[in-house]
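Structures incoming, each one as structure tokens.
Look at the two complexes coming up: subunit A is in both, with subunit B in one and subunit C in the other.
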Partner chain A sequence: MTDKATALRHWVAGLHEQPVDIGADTDLIRSGLLTSLQFVQMVIEIERLHGRKLDPAVITIESMRSLNAIDKTVFQAA
Partner chain B sequence: MSVTAEDTAPALLAEPFWHRRLPTGTDVHVLSTGLVAVTGHAAVREALTHPAILAEHPLKASARVLGPNVLDADGPRHRAFRTLLAPMLAAGRVAEYRATLMPPLVESLARRLAGTTTDDFYREYAHLVPYGIVCRLLGVGTGSAGTFHRLTRPLANLLDLPTQETPATHTQTAELLRLIEKHRTAAGAGDTSLLATIERTRDRKGISLTDDEVRATALLFFLAGTETSSAFITSLVYRLAHGTIDLGELLDPTVREGFIDEVLRLHPPVQTVIRFATEDVTVQGVRIPRHTAVLICLAAANRDPRVFAHPDRLQFGRAERGAVPFAAGAHACPGAALAKAEFSLLLEALARRCSRLVLLRDGQRTTSQSFAHPTDFTVEFQARAEFQARREED
Partner chain C sequence: MPAESARVAVVSGSSSGIGAATAAELLKRGYDVIGLSRRGNASLAADRAYTDCRADLRDPGVVRAALEGAHEVTARGVDVVVVNAGVSPAPHPLTELAWPVAASTYEDNVGTALTLIQCTAPLLRRAGGGSYTFVGASLANGYEPDRFAYAAAKAALTTLMRACSARFAGDGIIANEVRPGPVATPMTMAGLDEAANAQVLAALNAGFGIDWLKPAGTVAEWITTIAEFPANGPTGQVFNYSRKVL
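Our next item is the complex of A and B:
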């Protein structure tokens, strides 16, 4: 995973009072790591880490489902 | 008490009147990065009609679980969804429902209630008329109302704030969509039900929506028509039980309308709606960055003291206008006239059968942001003497 994906993992972990296990392929919603509202808020954090505007076509459930998916479709994409 | 850094959005939204905890002096509140609340009347109207603050967001729970649907679309796609529903909600159709479909259902409920005491009006009675009406409109028959009620009520959590999404939500959604599909494919040519009308409208107007989108829209029509009405009927009963009006006065249609409007202002079933900034915008001069989730509080707008004198007081026949119980803008509730006809008939039936409603216990609790209603109260429906005698004979 890229440093940006690792930073995003820290952001998700920071939403919890207790330590949480966040695998690269963990489903961020179904695992309960993020609430529905936090899932939406995560887009802003991804954009901040990415350093540029996200293409709206990238903001889909499949590309945002896990850290790995985000890493591939956003951070590692050209 | 005001909002602190330790507050989280779910904890805040779990409070029925969360907007009262926000600081005064502004109507646009930055709760955290990516989350803004809009509260004042002018700010709420501005946000609801802002061209860059939209309902659509691909990661929103309802969009993810239901797929594309009327609630989560904007622009031409949203208009296409609304066009499908429009024939069922036209004034002529509502008048027809009011004359034929609704009376037996409201009479049946009023007859059951007269002389009854209940600790849980919402769970036992509030759904009977809305589910009866919407099942008939949908074309699934009132015999299916119990099944739909069992499956739909938990599903409402998906549209609520804070949202509750569980494996059961997905299972129940799939089951409801399967039931809708079963009835959709069985709808006949001369059928006037919602499902049949949707199909005809889609063909006639050449609307290019998929079967999945049609099913999801029918499900949302069902959810909105049943759960919001059940919630509001509970609020009406709660207010009547406070003795705020002599029931006999409600036999006058003008008084009924004023009473309903005022209870809608004070107790809108949808207290808060969520929208998303698609670009950097300003509302009332406050910058809202793009991708921000915007919590628009209809309940706060309806109690804005700059618009409504003594805003917490129930005062029917108010001169002030502009309450937004059904929201505003492109996503304003298309079923408002249908819902108000239902409430009016129910109040009339109650006024004819009951002399008064008595609040025997009041826990003073309200629950939910999307289907808000008072809870934890006991109400007695005192029957008028002639109906009491008839009940005893029965």
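Our next item is the complex of A and C:
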């Protein structure tokens, strides 16, 4: 994973008071790691880490479902 | 000065959210719009066809004075009234809900709507008819006990809508209600631009199984379309855009 994806992992972990296990392919939604409101905040955080606005076409549930998916479709695709 | 032939709309609660989006949609469709709200809307006020009236809708005298202040716009009458203003208190356990909270919620939602109707009915009649369109809520079905105060007020609004459909049937005035279901607010979507919003909403709906969360602009299009039903069109109806709560 890229440094940006690792930074995103820390950001997601920081949403929780207790330590959480977030694998590269962990489903961020089904696992309950993100609420719907936090999902919106995560998209904003991805844009911040990415350094620019995301192409709206990239924002699909599948491309945002795991750190690996985000890394491949956003950070590595830059 | 508005064009003499322009249709005229009054929207309550136009400072933000669905009210602001509906006022913007009506402007787009060529209406002169009078917005009533406590905070006003500087963005909409930049449009010459928008009249920004700051008014506390709980005070009938203030609302009447605000509309009289816009007499140049309403000289021919008013064609569309969107009853949108309302307040939704935080959820509260039914068994601990204090009556003053429920009573205040009723006043904020139903009292303001009644005031708006009483102040605008003569203007709709002056135009030869028109429409009342109420912004309702699926919660009015009453199955969420912690939202009782708001749900009860919204249920009363449905009754008020039907009463209007009967009371004004002979005046060419129709009354209907839109229940939009979940709507994305500026608060929840803050920080994202409009192009990204639609994609994020689609992802949220798919990923979290949300009941068709949609932007306020989409709801505004429905409201405006229903507000433009003809005088012999549907009246006394609830149009439910929710997908899970019917």
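The definition used in the following text is that the second predicted complex is superposed on the first by the 78 of 78 C-alpha atoms of A that agree within 3 Å, B and C clash if a C-alpha of one lies under 4 Å from a C-alpha of the other, contacts with A are read in each partner's own complex, and residues count from 1 in each chain.
In the analysis below, contacts are C-beta pairs under 8 Å (C-beta built on N, C-alpha and C of every residue); 3 or more make two chains touch, one makes a residue touch a chain.
Being a predicted model, the structure only gives us computed values, none of them experimental.
Asks: After the superposition on A, what does A:Gln76 contact: first (subunit B), second (subunit C), both or neither?
Replies: Touch partners of A:Gln76: none, neither subunit B nor subunit C.
Asks: What is the contact status of A:Met64 with respect to subunit B (first) and subunit C (second): first, second, both, or neither?
Replies: A:Met64 sits against subunit B and subunit C alike.
Asks: Taking the two structures together, which residues of subunit A meet both subunit B and subunit C?
Replies: 29, 36-37, 39-41, 43-44, 59-61, 64
Asks: Under the stated contact criterion, what part of subunit A meets subunit B in this complex?
Replies: Residues 29, 35-37, 39-41, 43-45, 47, 59-61, 64 of subunit A touch subunit B in their complex.
Asks: Okay, in this complex, where on subunit C does subunit A touch?
Replies: Touching subunit A: residues 188-189, 191-193, 195-196, 198-200, 202-204, 206-208, 210, 213 of subunit C.
Asks: For the complex, give me every residue of subunit A touching subunit C.
Replies: That would be residues 29, 36-37, 39-41, 43-44, 53-54, 56-57, 59-61, 64-65 of subunit A.
Asks: Residue numbers of subunit B touching subunit A in their complex, please.
Replies: Residues of subunit B touching subunit A: 9-10, 32-35, 57-61, 64, 161-163, 165, 274, 276, 289, 291-293.
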